[in-house]
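The same chain A turns up in both complexes below, where it pairs with chain B and then with chain C.
Right after this comes the complex of A and B.
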């Protein structure tokens, strides 16, 4: 009979990511919802803000991050709801693995979905707003911002999914906490889009890196407590 | 195998379990019976390490909860009224996922063995969302037995099953019992419990109100025993 079986942390993380990607690429339930929502937000902004080219460039960073933040919340909520609705979260919690593996597995899956949506949204945005978004610096900022947003979002989604008002609760919890990441991401993105001096952009980039590390570390430490009754 | 001493569970000001003493010997099949709200699910969630006790001691397969929760999790298999499966994965993929989480490296033969045991070998590549409730519950039992646990915990496994699915589940549970595993099953369905269990404990208002083995019950029937326990 079974004694204490226990996979390594990396194997457990890989198993969770594999499961999430496999299920998602079969149903496209989560990514398609995030994508449609993102495109709608971009279109609404495009028609609502009838701006000249120069002004458009100045609002690009704000519009982009608003889009990513709203779509990201949708994805984070759904990703945890899938686990909760069929009791699968209990299935994960019953496995003899360190619970940080569950956090990192879900975090990597959520980040993959968010990045995928961003990869599709960026060229569409570039065409609609006539702005070149394919700058290495800007792409790096988008990745750093997404890491921080998803890191804290995965933790808060695990917390809010256990309540009856999960759909409403996640944005209420997430936006105030992720405000610092979003602010730094908007500043850094704006800096690259307006061709600012590197010294001006360096501070928000450093802040983004610091927020990423802090959010991942804090989430790693408290996830076990958050998911246990 | 399972030793629980003076277990108390509180949710805020509400005390759900009020000092439970409970012991299960290896190979015993205990049915934990009681009305809705008696604390059966809370008790089982504590045994499954999904919830922490407020007070008291819990020891399963030689490991203490919550201090040695990972060892306990490796020694138990849990089945609830929810399947704990992913609808967009096939039966085989679901088992493969859980096999990886339980640290299996060579799992293909074990998955085939489990699918044969629960009678789903021919549906191994079908998505779980196409399965009936009964088939999902059988696969859920297979998932719980994948790592060959010493202790099996069932929380209302018959909930939502029709007559045919219940009969098939009976067969699977009898197989589990014959394998010599220690089983604790919560239920408010006395007929299934009577057929399967070797001991019956009645949980009422957060305490074990009465306990009797199958042999002791031969003089009276389970329903009478259950009603008397609830009235006492």
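Right after this comes the complex of A and C.
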């Protein structure tokens, strides 16, 4: 526990990320499921909210974040369930590395999958609804929001796969806790989309950064106790 | 089996007495608010329950840390007691707030940040019990419960400060005022004393229920152990 940022820890984190990415790029089962699911959610919103030009202005941020959150739980659930079902989680736990390496490795690969989906969903949404979502501020907010969401999501997914109700439980555990992140992210994204004053957007962005740090720090500290047998 | 401690018995009676007194003070003694009328009297119990419930949630987060460090299941039982009582108290807060909002805001419910965060806090602790129900191994249940209560405890302060961060119509009566609030008022001397008595009352009731619940948890644990002994 003494040398938390030693090169061996970084190597272990990188190894886990690399393992996940390689497994994913062979099958694309996670990203493709998340992607199709996201498009379906947007489609449902389209009919449910009648996204004409007027409503679009006010709800785009909300629709985007609901989509990311739903797709996110799908990915988080799956990436942990795979480890548990194939018994590879035990293998990871037996490895002579700090447990936090497993958390950060999983966190980074989950974040990568989520951003990958977002990178594909954003242009599709832009084309379908003729709004330009490629603003640097908005992209930064989406990244910050995804970091907070996956940071706490990875921890909760590790918990929920070990319960009897597993898949059902993750959204129930995750949404209320990640609510503050989602709230700040929607406020900040909406601010950028409606060209609000920067001073109005600054508060939710600060909240987002604060929550990212809090969630990563807490998850890092308690992950050990979540995976121990 | 140990019978109920005398102090707890006395506390039981005392909390019923203070609850009666607080109800009398709030409903009869406290002056009627000029604009809102009698419905403002809900305020004393609304803040009383909210105060104890939020403190209970934060206290549970502290217990999480203690449990995770010591790994003594006693702290887990205390935590469950704290959260269970707080959950009920916070539910009462929301219901009382709704009763007040009907005449003052002209609606039972509005998606104001303060109200939304309150609901989310309530949902977090409902999820807490669902999480515990899904785990059979008592040690793991205690560990996961502690982790989740810690995450939940981080959100309780946000609920309290939401009125200061985002625009809301929820009044800020204590320490500061909210110019955009609907249904704000300032307390006179009599109101203040009734208010503090209500805070005191709900703190006493909370401690009483909390203690009873801890005792119940201990007895449950004992029953479990006896059952194990019989089957072995």
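Assume the second predicted complex is superposed on the first by the 220 of 229 C-alpha atoms of A that agree within 3 Å, B and C clash if a C-alpha of one lies under 4 Å from a C-alpha of the other, contacts with A are read in each partner's own complex, and residues count from 1 in each chain.
In this text, a residue touches a chain if its C-beta (ideal position, glycine included) is under 8 Å from a C-beta of that chain, and two chains touch if they have at least 3 such contacts.
All of these numbers come straight from a predicted model, not from anything done at the bench.
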item	value
Which of chain B and chain C A:27 touches, first, second, both or neither	first
First (chain B), second (chain C), both or neither touched by A:97	first
Chain B versus chain C as contact partner of A:179, first or second or both or neither	second
Partner chain(s) touched by A:137 [first = chain B, second = chain C, both, neither]	neither
Comparison of chain B and chain C by chain A residues contacted	B
Doubly contacted residues of chain A, that is, touched by chain B and again by chain C	228
List of chain B residues in touch with chain A within their complex	45, 48-52, 70-71, 73-76, 78, 80, 82-89, 93, 97-98, 100-104, 127, 143, 147-150, 181
Residue ranges of chain A in contact with chain C within the complex	152, 155-156, 159-160, 162-166, 169, 172-173, 176-177, 179-180, 183, 203, 207, 214, 218, 222, 225-226, 228
Complex contacts: residues of chain A adjacent to chain B	1-7, 11-12, 14-16, 18-19, 22-24, 26-27, 29, 82, 86-88, 90-98, 228-229
Of all residues in chain C, those that touch chain A in their complex	68, 116-117, 120-121, 123-124, 127, 130-131, 134-136, 140, 143-144, 146-148, 150-152, 154-155, 158, 165
